[in-house]
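Look for subunit A in each of the two complexes below; its partner is subunit B in the first and subunit C in the second.
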Partner chain A sequence: MTPEIAFLPGWLVQHAPPLLVVTPLIAGVIAAVLPSARASWGIVLAITFFAAAMASFIAMQVMEVGVWSYALGSWAPPLGIEYRIDGLNAGMLLLVAVIGFLCAIYAPASVEAEVAPENRSAFYGAFLICFAGLLGVAITGDAFNVFVFLEISSISTYALVAMGAGRDRRALTASYNYLIMGTIGATFFVIGVGFLYMATGTLNMADIADRLQGLEGDRTVQAGFAFIVVGLGLKLAMYPLHSWLPNAYSYAPTLVTAFLAATATKVAFYTLIRFVFGVFDPGFGFAGLSMIWLIAPLAAAGMVVASFQAVFQSDVRRLFAYSSVAQVGYMLLGVGLGTAAGMSASFLHLFNHALMKGTVFLALGAMWLGFGVTRITDLRGMGRTMPYTSAAFVIGGLSLVGVPGTAGFVSKWALLVACLDRGWWWAVLALGAASVLAFFYVGRVLEMMYLREPPQHDGHAVTRSPAPLAALAPMWILAAANLVFGIWADIPVRLANAAAAAVLGSAP
Partner chain B sequence: MVEFFAERFNYAVVIILMMTGLYVVFSSSNLVKKLVGLSVFQTSVFLLYISVGKVAGGRPPIVEPPHHGEGEAVTGAAAATAEAGHGAETEALVGAEPSHGAEAAHGADAAHGLAPTAPAPAPAGFGGDIPAPDHMTPDGVLDAVYSNPLPHVLILTAIVVGVATLAVGLALVVRIRETYGGIEEDELHQGDLGAERA
Partner chain C sequence: MNSHIVLKVASKVLIPLIVVFGLYVQFHGDFGAGGGFQAGVIVAVAVILYALVFGLEEARRAVPPAVAKIGAALGVVIYAGVGIVSIALGGNYLDYFVIPGGQHIGVLLVEIGVLLTVASVMLLIFYAFAGRAREIPDEEW
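Let's turn to the complex of A and B:
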């Protein structure tokens, strides 16, 4: 590993992987104890920017040189903890760091309106710790380390969700249920890791994968697999384990919803892929079979059922929360195919979904800030009262439906082609049905926003009230990304192919 | 039959605790009781890991200074012969430090932690890539048998995670009680429905 970036100091380049995780973790503690919320926000902004820069540097490095393995404390990998970045998680790190930075720009607008003054510093601290945890899950090559980082991010997420209590007290119960489900998920995961450790005597993921060769029929390994899939399924809101998600997304502060929707479930999804394909490879009989007979049908069912539920929601954020469950179904379907094309489509959809849901939830956040709206009927005439925000929302919504020219189309198309290649007609039907339902639920919101008159107040229409620039800028960056990656899909497709190659390449 | 269960006593306890915990989480409508169930569930996992780390006849994994080594060789003799074949295959220590090497060797034993007799030779997967630990004599005989320390370390971390979860959970329950005036699930539900209508 000889990185050659001249403008960065040597130590920074050499120790980039751990610094990416440790810096936000330490800064989170500092941000939490600072008396001034403004100063805490300054730290959040600086650190997330630093992380985004480091993640892009690491991603470029991995694209050029190949796998970057960093031994923590110089303990050589199979025994020591290894940070291992390949084509798969380089993209994840970049995604989490960039979305984190964009959310940090939007943060003060949301926090000042939704979080009690005495909690603001703590909120920023929890945000950074959650950010660090997600990066840690994505970067580490050690199975137990995944659990620890998963819980670092989850526990801070519970706190973040509960901070929405100032606006709606149901945030507290939503957070509590999320805590129960999330902890059961994490504990299942750690039981699974324990079984793997019993069978192989190691915790390094690459090492476990090596030693699992020849243990196909082993009951311990199979039990471990089952526990890991269910545990991570809870974390990533795999249908029917998604019951915590709609409430958590509806009542959390708007910033938290946007951040979680774009990153947290994605990282859990990445971890599932890493375990199923990187540790138990799909050719491994039962793992491949469970993909085809369990994951893919559940994914298809989730796509249709959750989309259907979304159509009938009256709370707009809850509507898009159900839509998120459906979109997780799309990603899982791609994985369930078990082919390189399916895997690549799945990752493409993961990136694109982060972009569209980021846009949608940031736009909804800005609308809440402007008018305090949460119900779909409250959005009447929003196209006239908040034109820029609504336009961004339209782009995100169309991308969600999969209209040609948006990022959503590219990934749905790739998924469709992958399903046809495999000859799975039922999957194509489910994709079609879910897309039609998406058209209805997005269309319902758009109709409210553009075809209805704004509500009257004392006889005149409510005046225009554009969102603050801090909310518009990140929203429009994401919306623009939806359009750019819808037309020039080159970069995300390359990233997704690299990810798919990294996943399937590790399988013999 | 009795022997079968007696040998797996730890695991039976683990399963009972695990199921009890999960059952309480799902069946109880009291938020604090749910958290208690969650804790029991997590504790069962700690026990599972610790049971895995136990090596029959193993001592605490502390590497003794060389002059104590002589006496230990006698007590560990039975195990040592069993391990001899394995030890002979392994290569010389490649730059790893003592405690590190010790973990590696006993990682192999983890799979056999339950066996009532001395640990069987390591499985075939444990080939020559494990460096010989320091407490082996040059002819590849183990001085002593140690318990696997790694699960203990992992569980220390998991306990911290569990405590943090419980703390956040209890803090949430306190806030819920302040806001809703109760900690029974159906009361909360009624409260929210009332708020919705108002």
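Let's turn to the complex of A and C:
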């Protein structure tokens, strides 16, 4: 046990993994039935803070001591369900919990403006249940348990997206579309797990990995691999399976967009890596080939095409939703490389992208609250009317482009170096093209904000209207993280290297 | 209100039997086929049958949606609460063997949680869908 946490009671330390997932779940259903939305928000804030503290404790513990395995119901793995935390998912838990807490701070401002009064408690409940589901996906070492938590988080996400209907009715069709695509994804995933179970007779991921040795030529295993990759590809919006994402992100309540963009696709991405590298062996012919001939080319195509589509959007959240699809391409490219450097770069970009998109979507949310901004032309003169929010947005945007000194630069540079090491010149070209396009779409927004006059209202320019502190604080924490991790990249690089090492099995 | 007298009398006889059968399935789950999920659906069916025959308003008076919502939440709290209790008693999460009465009581409690949540959620889904349709007046049957 590390000395930093010696003050915690023993039972809390010993049972931290299940408590991290179960407390948000219990609190979520309680928050959903409370009559007062304020009280529900109090629960959300307290529980996400607790989860963030627990997740940082677990991450510290794993960094110092190594893999942490917890047997649910005292049934020893591989028979029972095992919660297993290593260098790969310790960082994911921390990311989800911290972003969840920051979003919880911003929640009341968004909810009171966007969600119908009778739905507010249910909204907070769904938010916590989604939070619990994402943590559960990240923490569990059991393949079927992954499916269960993936559906817990997804189903509550559909409800959260649909609650945007208070502001724009199109949220309902966006959510329905997401429900259909997400359910197909989940079904494919569980069919894949079924195939693996058929071939190996076990559901514990580490145990599946052991028993798959020597089954490389087995058709059942290959089919399982295909189903799992396509199913998770739908969940993480891998190009060209991303069609649900732009609408869901544009019409969901602003809080939900920020939370999902920073966590949900990231967790699905983590699951893909866990399966492709942790359960299957990248040394398997079919797995290695599909990374080189399927994942990497699709990633490169997604980077360029989605960035190109982003340039031509007129709805500003839709623009950044397409940009998210492109950024998923960056992460997948790192995975497709199949090298330790590529994997580490990919993880670094995962963290940094959560920071930049969190900043950008929180800033856009605050702008919607202030001026009802949805279209890019609505952003005219925003640099003068909402100066602090706009400044945070600039940092997030520059980080997205990859300007030196921001977190985005660190991870893009790492990815570039990894591609050069592998000798993939076409990937370097795609990276360059996508970054230039990112410069265009971010530049277009910044030009609107800083070089245009604020709109006229009754003959006068619109006056300044700064965002509330509850919106500014989380936004600026994330924006500051973009700058800090752009200059002192030690902590994220260390986490990413630990993740890559855990995946590729070289060290804890 | 003398229309559908046969339906009304028959369903009044059936509804208690359906609930009892639901409870049978619930407790039989300990020894063989059955369990909280199936039992929850059967118990919800009793209320849904009542709603179909006596009208949605009557059913909503008998089991108000607010009660069903609390039931749905309570079920999850019971299930997860068993896990918390087992931690408090010195075991791992959901370790039934440290609970007084052992695995039998642990599973029984968990399944009661499942029954509550499944029955309540089934009912809530039914209310949500049925509430959108026009009630059919008696003469149009």
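The rule is short, and it goes like this: the second predicted complex is superposed on the first by the 501 of 508 C-alpha atoms of A that agree within 3 Å, B and C clash if a C-alpha of one lies under 4 Å from a C-alpha of the other, contacts with A are read in each partner's own complex, and residues count from 1 in each chain.
The criterion applied here is as follows: a residue touches a chain if its C-beta (ideal position, glycine included) is under 8 Å from a C-beta of that chain, and two chains touch if they have at least 3 such contacts.
No experiment lies behind these values; they were computed from the predicted model shown.
Set side by side, subunit B and subunit C differ in how many residues of subunit A they touch, and the one touching more is B.
In the superposition on chain A, A:Ala473 makes contact with neither subunit B nor subunit C.
In the superposed pair of complexes, A:Ala71 makes contact with subunit C only, with no contact to subunit B.
By the touch criterion defined above, A:Ala159 reaches subunit B but does not reach subunit C.
Look at A:Val403: by the touch rule set out above, it reaches neither subunit B nor subunit C. Those residues of subunit B that touch subunit A in the complex are listed here as 22, 25, 31, 34, 38, 41-42, 45, 48-49, 52, 95-96, 100, 103-104, 107-108, 110-111, 125-126, 129, 150-151, 154, 157-158, 161, 164-165, 168-169, 172-173, 175-176, 179-180, 188, 192, 195.
Only residues 11, 15, 18-19, 22, 25-26, 29-30, 32-33, 70-74 of subunit A touch subunit C when the two sit together in their complex. The part of subunit C that touches subunit A in the complex is made up of residues 69-70, 72-73, 76-77, 80-81, 83-84, 87-88, 91-97.
Contacts from subunit A toward subunit B in the complex involve residues 75-76, 78-80, 144, 147-148, 151, 155, 158-159, 162, 165, 169-170, 172-173, 175-176, 179-180, 183-184, 186-187, 190-191, 194, 197-203, 211, 214.
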